[in-house]
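Below, chain A partners chain B and then partners chain C, in two separate complexes.
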Partner chain A sequence: MSATASAPVSRTRPRESAATWPLADRLGLAMCWAAGMFLTLAAAGIVVFMAIKGVQYLKLSLLFEHPTAAVDQSQAGGFLDPIEGTIALTALGTLIAAPIAIAAAIWLSEYGRPVGLARLVEAGVDVIAGVPSIVLAIFGLIVFSKALFAPLSISTQGVASYGRSFLIAGITISLVALPLIVGATREALQAIPSHVREASYALGKSQATTIRHVLLPSVRPGIATGIALGMGRIVGDTAIAIVLLGNTLQNQPGSGIWPFDYLRGTGSTLTTYVYNNSPVGEGNAPQKAYAAAFVLLLVVLFLNYSVDRLARGGRQVTAWSR
Partner chain B sequence: MRIPRIRGERAERVLGAFSVALLGVIVALVVFVFGNAWPSFSHNGLAWFSSGGNVQTQLGNIYHSPSNPAHYVYTLHAWPLLYGTALSTGLAVICGLGLALLGAVFLVEFAPPLLKRLLRPSVRLLAGVPSVIYGLVGLLALAPLIDSNLVSPSFKLAVAPVVQITGTGLLLAVVILTLMVTPIMLALIADALESVPRSWIEGSAALGVNRWRTMWRISVHTIRPAIAAAVVLATARALGEAIMLSMVSGAYPFAPNPLDGLNFFLEPILTFASAIVQNADGLFSVTPFPQTIYAFAAVLLVSAGALSFAGWLVKQPLRRYGIR
Partner chain C sequence: MESLNPPPPLRRIDPVRTPTVPPDASVPQVPEPLPAPVSRDGASEPTRERMRCERVTIAYGGKIAVNAVDLPVRQGEVLALIGPSGCGKTTLLRSLNRLTELTPTAARGGRITLDGQDIDELEVTHLRRRVSMVFQQPNPFPMSIYDNIAYSLREHGEKGRRRPRRAELEPQAIEALTRAGLIDEVGDNIDHPALRLSGGQQQRLCIARALAAHPEVLLLDEPCSALDPRSTSVIEELIGRLKLEVAVVIVTHNLQQARRIADRAAFMYLGELIEYDFVERVFNAPRAQRTRDYVAGAFG
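This part shows the complex of A and B:
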């Protein structure tokens, strides 16, 4: 994994000229170049295109104005509410996912008894990672529409649960981040040599103490990587936000004391705002959509960059796309 | 190694409880989704998967179904959705596999250092861009291009009574989906290529085999299980893609006809995942419409489960060789 990351040494004789190769091999090489260039250009194209549109349509005032319903897109306000929504949803999802994921990762790699159960949990995390977020959204809707969960959202009839709120979307969206945090934490734990643990045991410390005071501090970069990856996923997720956040134009707090009125209410995120303002959505204000998408892209790029920094700080490269 | 177990038991139980709770979530996921989707399947039987009639009309009938439980309308023939999902996923994964394989070989072996430093972040960026941005770019930038350059006015006019051709459709869906699944595969394949034992490559080079054939015959052959794993992962991603596809696929339940020649690629499709997004507002209504939408989710859930299992299966030979 680190072979090409650290040293740019070719693994075969680099001096050999491709000109002496058979035609088929040279064609293959040309296709390799084409594929590499295409991917680089595609990435550059998306960034440049979004940057141009972003600079064209993004005004500072948009970040601080509430969105309003309007036929003309110049009257449609800004996207303060979606930004708040994205922050709230990301914070909520990460706060719920992180403790559970870290606990599961520690249990899997440090205890893992009985073995059969550990295998099952391992497979379970894989399954959760593979379930499309739109299916998770449907699951969340079915579960949280039960009357039992009525306190989590504004109830309409007082009996049945509305099934859409920041709390509900946050709980559901934590499942999207969870496998990523489990994966990164486990990888970091497994990278710790066993003599570190043995040294702690030799000093008479129990396994729980070893985990708390020796292992956890040293896997912190791994956990941070996982959390940043998970946050990137949550920020970019649209399906759950559309189905479970109510998809309202402005964030509409419910009743109750401060953070809970907000969290029990419905709202929107940057992703749903972009979707709604694209030509397929109800708003159809492409300029606003471009501006919001540019902000969204900047957030995602920043999170990607922090994953990079964290992974390098933790002296190991974690799965670099998932 | 003997692990001291003083005061460790409670921590183990607490951490274990969190882990087992995850299994509970999966059980609940399966039970709730299938339990609620069941009426749609049981009323239609296997005809659910067959073709017949217009899905849009059928969904409309279900939506306006009488509120008397004895007269619920459940009739749905979801073949166009199944076909659209299979078509977009299959084509995107095939195109993406070619691109990812060539790109990974390029990245690991042939790219000059400067390009290598450029290609890695590019791939990571492509993997990280939210699907709604892909959808927006496709819808606002690429769809008009396709509409003005590839769609012939006569074809547009000829099919106007059946379906609208606006540039969004199978072609655009596959192009953007390919761009979305390629980085996932490329990352996995490149990681595996780098873990091929050096001595195998050196052995091949020592026999006078050139770099390209060494890469192709030794490295790529060795990592076949990793390629399979990458394909499984990419398929799962493509199947579940909802937002981007509901923006650029035309989002109309139409089954593109291969007999239409090249126009085949311009016809709209609708996948299960994007059908859920398209009908998200209908989830507010009462039986039987949400049940029909849940059935779409159930199909996706089964596919996701099957793919997880397939992913586990193809990883077995990898473990044996100790590669990843």
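This part shows the complex of A and C:
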């Protein structure tokens, strides 16, 4: 070691200045830099603009007042119902999507035989992920307007289905979250080294026991990440909420006992409220649209933050060497 | 490089006399050796044949990995499987509790017996409770130290069994941690996450987990290769004590380790068992030229 230390050692040279680069490289670097700055500015612009507009028009009372139809906007109430609607629809969609998605991911990752069937399931998940939500919405309307599904929405004597309710929108919107939860769960399962599974088998445990008691606890952070991602997508979805939730100003319960009256009824979400109150909507009350959009943005930013935290936590927990 | 000329004839080395690292306060102290072995059926002879491989051949998709191996596994002594990479020793080890069956392309011929009974006739989950395994990489489950062992103790999937309470399992968990020499380090916080332990502690937890269900044979697949020298010496001493209670088979690439801890060694080459004998004879007076070359470091 001492011999090499006394020899003239070529140290790392100071970073080469981009000024010495060929023109094409300098242009490329400038474009990459500009693209990054553009995205940052766009994100900052959205947040700052919505914050200024939102804070300007947001009053605490708006969060706790039912919306009413009125020409005079000061009499038109707040957006309590859309907030409720967003929470209900997100909860419903997530509760439907999560068990199906987790089960599908376990089957794909841990069983997946025959291979042809597994490919088919994978393709199915990919197709669902790729279908625009307005197409899902129209498809849901066709299917759930059949008399068979009359119990899911306000219906006339059970012979015709209105095809619009929290239940119907929830079932359809679960398809928006489903591929994200499948993907995150599969990725987490595949990140578990095979010797961890074998360690469980070597203790005389069956595959089912291993999945339930070893693999599922290990992938919990991955599942949570997928669920948070999915919730973000559901909260932000507009098309399905407009088409399948009935788009009523207030949440209108159907018949039946609580909570089924509520779930069979119609309503609106923050996204549809923003749409309707924007200049293109019939409400045309931009101030309220800004205030509601600001609340919506806060919800989505919070969900994104959760995703980040959960993903970080996941790396710590499953820290096996390979 | 240490000379490999004939070292003085050695019988088993007293583990206390040969610390591979200087004594240090931070080195976990191993408890006193356990009292003389008494097997479960009351017999107390030191070595007894528990498993036997008869013409065992294992192939992966037509490629033969283990070829017609005959090998006994005795309780009361440590059997080391040595040989160059890819010689089939890990495959042979995994076949002893039918873990090779997890590889879809693997096929096995020949007979393996446990106490005279063909292991293919045993329920695979029962076999693996009797013949347990510890892997190269420490792999505690992402749960508490206690839960890792409780998982091993519970008999999942047995119909009509109620889930045992913690009060019933905890003494057994403590016992397993004691046998694995880990209790002094984790005794106060067995509810801490297992993945927060150091690598050596994690590996001893894996050994404790494997021991908890009182297996009769313990398979160790290079259990120290991912560990530092200190943890290695702690685990080697542990293996020396365990062989009194369970039959131990260890795969190792470390010939010095095989000399230190094994009583018998089996040298494998290209899927065949070349030599099986007491460890000092394999190292000092091997019969086959291949063995002589390998233990002298000529290849590997």
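FYI, the second predicted complex is superposed on the first by the 298 of 322 C-alpha atoms of A that agree within 3 Å, B and C clash if a C-alpha of one lies under 4 Å from a C-alpha of the other, contacts with A are read in each partner's own complex, and residues count from 1 in each chain.
Going forward, a contact is a pair of C-beta atoms (placed from the backbone, for glycine too) under 8 Å apart; a residue touches a chain by one contact, two chains touch by 3 or more.
Values in this document were obtained by computation on a predicted structure and should not be read as measured data.
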item	value
Which superposed partner A:Thr40 touches (first chain B, second chain C, both, neither)	first
Partner chain(s) touched by A:Ser133 [first = chain B, second = chain C, both, neither]	first
Touching partner for A:His195 - first (chain B), second (chain C), both, neither	second
Contacts of A:Ala70 with chain B and chain C, given as first, second, both or neither	neither
Which of chain B and chain C A:Val125 touches, first, second, both or neither	first
Which superposed partner A:Val55 touches (first chain B, second chain C, both, neither)	neither
First (chain B), second (chain C), both or neither touched by A:Ser206	both
Chain B or chain C, by number of chain A residues touched	B
First (chain B), second (chain C), both or neither touched by A:Val214	second
Footprint overlap on chain A, comparing chain B with chain C	198, 201, 204-206, 208-209, 319-322
Chain A-facing residues of chain B, complex	1-8, 10-12, 14-16, 18-23, 25-26, 28-29, 32-33, 36, 98-99, 102-103, 105-111, 113, 115-116, 118-137, 139-141, 179, 182-184, 186-187, 191, 194-195, 198, 201-202, 205, 210-214, 216, 236, 239-243, 246-247, 251, 273, 276-277, 280, 283, 293-294, 297, 300-301, 304-305, 307-308, 311-312
Residue ranges of chain A touching chain C (in the complex, touch as defined)	193, 195-196, 198-206, 208-209, 213-214, 217-218, 317-322
Chain A-facing residues of chain C, complex	97, 99, 102, 125-129, 132-139, 141-143, 151-152, 156-157, 193, 195, 206, 209-210, 213, 219, 226
Residue numbers on chain A that touch chain B, as the complex places them	1, 3-4, 8, 10-13, 16, 18, 20-21, 25-26, 28-29, 31-36, 38-40, 42-44, 46-47, 49-50, 99-100, 103-104, 106-108, 111, 113, 117-118, 120-121, 123-128, 130-139, 141-143, 175, 178, 194, 198, 201, 204-209, 211, 232, 235-239, 242-243, 247, 271, 274-275, 278-280, 286, 289-290, 293, 296-297, 300-301, 303-304, 308, 319-322
